[in-house]
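Notes follow the structure.
In order of appearance the chains are A, B, C and D, and numbering begins at 1 in each one.
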Amino acid sequence: MGEKKRIELDYSKIESDRMRLNVGPQHPSTHGVLRLEVELDGEIVTEVVPHIGYLHRCFEKHAEKMTYPQVIPYIDRMDYVTSMNNELPYVMAIEKMLGIEVPEKVQYIRVIMCELNRIASHQIAVATFGLDAGAFTPFLYFFRDREYILAIFEKASGARLLFNYFWIGGLAADVHPTFKEDVLAIVKQVRKTNKEIEDLLIYNKIFIERTANVGILPPDVAINYACSGPVLRGSGVKFDLRKNEPYSIYDRFDFDIPVGMGEVGTVGDCWDRNIVRMREMEQSCRIIEQAIEQMPNEGDVQEKLPKKIKPPKGDIYMRAENPKGDLGFYIVSNGTDKPERVKARGTSFVNLSVLPEISKGYMFADLILILGSIDIVLGEVDR
Amino acid sequence: METTNFVYNLIPNETIAIIVISVIPLIFLIVYALLAILGELKISAWIQERLGPMRTGPWGILQPIAEVVKLIQKEDLTPDSANKPLFNLAPYIIFMGAYASFAVIPFSRYFVPSGINIGLFYIFAVGSIAVIGIVMGGWASNNKYSLLGAMRSVAQIISYEIPGAMAILSVAVLASSLDLEKINIAQEGGIWNWFIFGGQGSWSKIWVFPFTLVLSLIYLVASLAETNRTPFDIPEGESELVAGYHTEYSGMKFAMFFFAEYANMFVVAAVLTITFFGGWNSPFGNFMQGPGWDVFWFISKAFFFVILQIWLRWTLPRLRVDQLMYVGWKVLLPFSFICFLFISLFKMIN
Amino acid sequence: MLEYIKNVWLGFWTVIVGMKITFTHLFEKKVTVQYPDDRYPIPPNARNKLHLEPTLCNGCTSCARICPVNCIKVETLRVVPDDPEQPMIADGTKRKLWVPVYDIDFAKCCFCGLCTTVCPTFAIKHTVEFEYSTYSRDDLYVRFSDMSPEKVAEKKKMLEEFQAKEKAAKAEAARKAAEEKSKAEAQAKAESSPVTESKESN
Amino acid sequence: MTINEIYEQLKEEYGDSIIELIENPPCDSSIIVKAESIFDICHTLRDKPGFEFDYLMCLSGLDLGENLSAVYHLYSMKHSHKVVLKTIVPKDNPKIPSVEKIWRTADWHEREAYDLIGIIFEGHHNLIRILCPYDWEGYPLRKDYKEPEYYHEMKVPY
């Protein structure tokens, strides 16, 4: 229907009063407690200033006083919709420092859990993105499926959201006997729902009009802002840590990296970022199927560890591909059982910093969609 | 005063008769609004594979009553910095606009509250009152979100009245009248005589069908915009404007907005029924035709369109404000002009 | 122009497609349940409210030490060797510590499950119970110890007596040892240097 | 390119500004550089062919006791190699040139390091607190940080 939407105003010719509007910290579409100070000219956004820190829980300060295993429950709470993925880089970093090889079975379970959690996270991202655009029904279809995934997590780890499942040197517990069948059933269900959502939401003309050509993030800007995950790939940059720097056992699987191609608009718009998430769900399904096939049935899930985990003196930076982008942990060890410093490079924190850059000149309703397409979780922004 | 209104003829005292006649639509409106709220809750729930309200009464059918009771009990807040007279007046003005439309809606050939001969014109006139209430409420709230919502609403309703009016005008052309009763009578004799198929006349009227179909769709879309329903609910725009023009309202005043929205939904559904879908007429010719059946057919047809509106709401995302203008001015308006032109030509040739 | 017609048609058609999908869902089986009446099953290993089996706890306090939020408070008393009650842990080993205080503050608990994995006797474990909201935050502070205050006082007294006795015995022993030592030293001195009388001997 | 080659090349170009290369397997190796020249070094690392570190993965502040330190984790999308730079500044004058103009992602990272550790990044366009409230006093991640007893005349319960 409409053409290109970015409206450039020449303020030397137009005299207009601007309005400063506080979006948040309590607003239905800020996905948490984010405050955006928006300057509006009519409905057109001229400036966005994000104010964060409303959910600051001093993770890094806490981590200094915890022993290494005690930090893991805190890591769960950073990006609370992708707890499994959050734990992975941390435990990998400690394992690398200690020089532990985890058992084969553990690796496979970790990958399956991470990919399931990736699906769950992307489901929330697409669902809330639809909700921002005003479509309520797809939101609940996704949440229905997400419940099935969480049920698997609950059966394996005991918790539905904050798992504390990946431990240094292994897992907290072995998976239940029907794990493989459950996971395959979910993969089937996820594919079915995705097909339906594509018709209902993604290729809906109204949705395309709302999201295409909106919030365009060029690839060079995306890299300069160190964006990662679907935000980076939506801009057409084929970069995925699972492929480019395979960690864990991701080099054993055959999967593609979906990138934004500007099918309905320009490369790097909101629709591209969204479709990358939809397609990544399919790739995750493929990884899960391969992993289920290769996974050994027998085996221990916990490596023998000393009672007190004392990594050698030094520092390490480990990152892994989270659903939202690469999450990095910079861990400085001083040789005792407590870390000197654990710095988390929050994916959402970095991705959110690009918002003021890409939302200028669009309408206020677009700002909400751009924010939704970045897919932030305030727990990770503020930590 | 000559009238076909049976209540008027039943009661000898004129004043009492008028009061009774005006109260009947109000009672109907309240009952309908409760049903529509229940319908909205249940249909949205079933579409989303939920059960919906289940606790109040069997299958939760008393839920709307519980909600009304809750809203009455709630504290009626008025913001400190609001313009109080306007703030308090706005919801009632909106409701009045919706309620006034019921004056001319012919429920049956024997019950038209007030049969005036420019009924269509009247409905369009009082239907626009709602926008005044919305602007009043939005501006008086002294809230930036409300103001944005109110301003959007003005632009939206004014833009969409034109294609809507064009669609209705073509029916006026076909019926040669603005009187809703006459329009109804012109569609008597089964589904083939409805204006969506060109009204009464020879089979050559089938040439009109594509145009009346498009016009009825245009009116449906325009009416969605006028009642602020999804996909045109941008004045409320829950995800961006919190609740738009009624962000600051609570309690009974909020309930008034709510009622007015549902009342407006019925009005536009009724107008669509009357103009294109035969009004009180049975679709089977003389079968199931009569004063009692009139009410049944009219209300069930109108309810179908109300349900259609609800169904659309839980399917579609929301448009953006400039796209809304685009759809109104660049899609609906040209199409309605073209269709209107062809229908006028057809009428002239016949 | 063609683009325009195509867009209008697409707008119309995708709405129809969407309505078709929502219509089919209208009659599908509902996934929500009437919660307190029907509920989805909770797996037995679910990590919900903590429960301590006091007869199993041996008072090692490793749970309190591993807890990341410090919601477990454990105090222990040593068992006196000649205690007439002869306390045993349910698994048959002899108890070395009484546990007069074992409190969990569920308002703080983060359900990470670390305490259950370090417990050597499997005394503390998560249950499937998750509905325990209360009107007061104080009600979430749960005391698990099975010892009555009188018993605690008694044991405390017993321990104090025992400790006093032990102290006395120790002092006695120390005194004896010192005496012996001094005696031996004096003897040694006397033997090694009989000429000079040393001051250190006293 | 391995970190040793990068170190050699940087050493050639900058001489004294590059202090040393710390190798400590299995932990990360890092290059310690002088704080004053971090901007120039980063600029070279981003733009010189062969380096092309276009991606600043992480910028962390660190409290080493007497000194503060900023750690830069760089990555090159093109060559898939990484390097870790470290600068050490005294606690009483913690000034490091800002690299915000080189990688704009450093904007928020530097604000965070300023907020929590108290490193002052010279040349940053908007160096204000980001996670803590704007009127917060002290730098919470310093080892000698004392939790305030009162905040806005409210007693903080600990």
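Note that in this section contacts are C-beta pairs under 8 Å (C-beta built on N, C-alpha and C of every residue); 3 or more make two chains touch, one makes a residue touch a chain.
Bear in mind that the values here come from a model prediction, so they are computed numbers and not experimental data.
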- [ ] Please name the chain that ends up farthest from subunit D once chain centres are defined by their CA atoms averaged.
- [x] B
- [ ] By the contact definition above, name the pair with the higher C-beta contact count: B-C or A-D.
- [x] A-D
- [ ] Calculate how many whole Å lie between the centre of subunit B and the centre of subunit D, each centre taken as the average of the chain's C-alpha atoms.
- [x] 63
Task: Rounded Å distance, subunit C centre to subunit D centre (Cα mean) - done: 41
TODO: List the centre-to-centre spacing of subunit A and subunit D in whole Å, with centres computed as mean CA coordinates.
DONE: 25
Task: Multi-chain contact sites of subunit C, meaning residues that touch two or more partners - done: 8, 11, 15, 18, 21-22, 25, 31
Task: Per-residue overlap in subunit B, given as positions that touch at least 2 other chains - done: 47-50, 314-316, 331
Open item on the list: Using the touch definition from the top, which residues of subunit D touch two or more other chains?
Closed with: none
Open item on the list: Once the touch criterion is applied, which pairs of chains come out as touching?
Closed with: A-B, A-C, A-D, B-C
- [ ] Using the touch rule from the top, collect the residues of subunit A that touch subunit D in their complex.
- [x] 52-53, 56, 58, 60-61, 64, 96-97, 99, 223-226, 237, 239, 244-245, 312-317, 319, 326, 328, 330, 332-333, 341, 343, 345, 349-350, 353, 357, 382-383
TODO: Provide the residue numbers of subunit B that touch subunit C in the complex, in ascending order.
DONE: 43, 45-51, 54, 311-312, 314-316, 331
Task: Residue ranges of subunit D in contact with subunit A within the complex - done: 24, 26-28, 30, 54-58, 60, 62-63, 71, 73, 77, 80, 84, 103-105, 107-109, 112, 116, 129-133, 140-141
- [ ] Would you pull the subunit B residues touching subunit A in the complex into a rising list?
- [x] 44, 47-50, 144-145, 148, 152, 230-231, 233-234, 237-240, 242, 314-323, 326-327, 330-331
Task: Of all residues in subunit A, those that touch subunit C in their complex - done: 1, 66-67, 69-74, 76-77, 137, 141, 144, 147, 151, 154-155, 157-159, 162, 164, 172-173, 176, 196, 199-201, 203-206
